[in-house]
Amino acid sequence: MTLPVKLEFSGGAELLVNKVRSHQINLPNNDSKWTLRSLLIWIRDNLLQERPELFLQGETVRPGILVLVNDTDWELLGELDYVIQENDNILFISTLHGG
Amino acid sequence: TIPAVNQLDKESIARYSRQLILPEIGIRGQLLLRKTSVLIVGCGGLGCPAALYLTAAGIGQLGLIDHDEVEISNLHRQILHTEARINVQKSTSAAYACKQYDIVLDATDNVATRYLLNDGCVLAGKPLVSGSALRFEGQLTIYNYKGGPCYRCLFPKPPPPETVTNCSDGGVLGVVPGIIGCLQALEVIKIAAKIGRPCTQRLLLFDALDGSFKAIKLRQKKDNCEVCGSSPSITELIDYEQFCGTRATDKDKVLTIL
Amino acid sequence: TIPAVNQLDKESIARYSRQLILPEIGIRGQLLLRKTSVLIVGCGGLGCPAALYLTAAGIGQLGLIDHDEVEISNLHRQILHTEARINVQKSTSAAYACKQYDIVLDATDNVATRYLLNDGCVLAGKPLVSGSALRFEGQLTIYNYKGGPCYRCLFPKPPPPETVTNCSDGGVLGVVPGIIGCLQALEVIKIAAKIGRPCTQRLLLFDALDGSFKAIKLRQKKDNCEVCGSSPSITELIDYEQFCGTRATDKDKVLTIL
Amino acid sequence: MTLPVKLEFSGGAELLVNKVRSHQINLPNNDSKWTLRSLLIWIRDNLLQERPELFLQGETVRPGILVLVNDTDWELLGELDYVIQENDNILFISTLHGG
């Protein structure tokens, strides 16, 4: 069974994924569960159009990007260890500095 | 300091009548607004509407700082109410000014200054009402207030310089910082008058093209935060341009002052 | 009418630079803004910020109507950009003015005028960007646009007079109509430049104390609507004060113009 | 089994229910299903502090009040005939006219 999730990118992060802000995807069946850690690898390999270092740093997101699951800060959910649920809404948003 | 007088003169009652009759505000709230001082850092797209509405609401003292002195002189001061004491700070040492005000409003346009203001507010123990805008999006939250996180709790490290876009490069639709600046003024009013639910531990995301708002639940203050945690390693201001690798400015900005 | 020139002069390019570089706007969008005329009915808490930001965005022609001529003269016209042609309508026949503009912005403060503007816009075939505010709440939607409902589709009958509260009676926190007025300007810009998702068939609810926004999905245009339906019984303007049982004014209002 | 629902009142409508904006209630067990029609009667009998004509007119809400179920206009859901579901969020909002 694939795992349907909605990925969203904003605050400028969408520029790294071909300017497409919303991606409805089905993560392929996996022996182990999908976590945000494994999702980031999948994104790097399947969605990132630009240089990966503009989105990732090591196994996590680069500084300045906030990861939200169902409108909640991933820090409240275990960050990289969070186990993704069916139909989760995962938003990667770049913090804005402009005024 | 503003003299503590526990009544409003007739002129004030007339001027603020429409908010005085709100039970949540009343004389109590109006007096609280009047004895509150607010520092607005940045007099551009965010700072101007914030200054306008804070003056209109009866905030007792406003300090305004902008890195560009010419722009300050362009600020249409004549539309700001003359009863509010407007102090225009020539100094760019915004962080030192944080100590002199009750609430600080971040209306700046670059990363380095945002970290500077954050640390300044944490060190001075002041809430920081932070807004930002770019292209068609806006963000808003209150840092360092009632157990909520500070900027470094969320972003301990600054973004790589090549990932930072400012309004001169990316563009911005003017009404977007207008909306965020107004929302910042609202949050300041709620903190000052002690009403409603201030936007702390919550991040408001605004998407102007879609016409939608989203409220994100944020982490609490982090115990290991370098500036606001239980054993802070940052106990005085640092060199923020060096820290961020970028200048504390939004160079080549064409500033449109309303 | 505004001359149709398919290019922008150097000064305009400099003035609107930060929105010109937005791909969604560009020269195409800026020219559309310039050839759009907008009627703002009401120059108070909603109308002033709307007028400011529409001018700043480069809307070509703005018409302003308020029932109080004295308040119009208080309008800080000097902060409005002189390139926009500002027409101050002395006539209170707002509905007739609807025919002369592309988009109408309802920034009024009473029920009767809201029905009048609605019917005027339906009869003239114009979108109506409607905003309202009271106490700590705001509402926003676009009527009569792209198959969406008109005001009468939602409210075929006016509220009983004893249930109507205006800002003089109930009070209002000034920054609340500030936020709604800015959001109205944004919706006008989206309609004029043909970008984004205008707030039609959607009602935006704003709760300032809670700091939250909610978007309500609304009904479509109603086939049996008396003014915009397939067999309208209203084909010309009526007496709206009689219809509502209330005066077309917000009497005793202390108007604070920013 | 009682039927838990959340009733909200705003735009001034809250003044009619003792200024309380949010009411978490459990509708008592009924032979027939609860509809918005029967809910209005229940509200009249159990919540309204003020004169009922400030909220109701006949069997429906008075002009100027909009009824929303789960952020959707009741007109899209059958208005008075809508059958209330468990944990529905029903908002009665008065249209604002001020500016």
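List of remarks:
As written, the chain order gives the labels A, B, C and D, with residue 1 at the start of each chain.
Convention: contacts are C-beta pairs under 8 Å (C-beta built on N, C-alpha and C of every residue); 3 or more make two chains touch, one makes a residue touch a chain.
Just so it is clear, the model here is predicted, and its values are computed rather than measured.
Separation between the centroids of chain B and chain C, computed from CA atoms only, is 29 Å.
Centre-to-centre separation of chain A and chain C, using mean CA positions: 39 Å. Across the assembly, chain A contributes no residue that touches 2 or more other chains.
Chain B has residues 135, 167, 170, 172, 215 in contact with two or more other chains. Contacts between chains trace an open chain of neighbours here, each touching only the next in line.
Shown are all chain pairs that touch, namely A-B, B-C, C-D. Those residues of chain C that touch chain B in the complex are listed here as 14-15, 17-22, 24-25, 49, 52-53, 56-57, 76, 78-79, 135-136, 167-168, 170-176, 178-179, 182-183, 185-187, 189-190, 195-199, 202, 204, 208-213, 215, 253-254, 256, 258. Remark: chain B residues 42, 44-47, 107-111, 114, 131-135, 137-139, 154-160, 162-167, 170, 172, 177, 203, 205, 207, 214-219, 250 touch chain A in the complex.
On chain D, the positions that touch chain C within their shared complex are 10-12, 53-54, 62-66, 68, 71-73, 75-76, 93-99.
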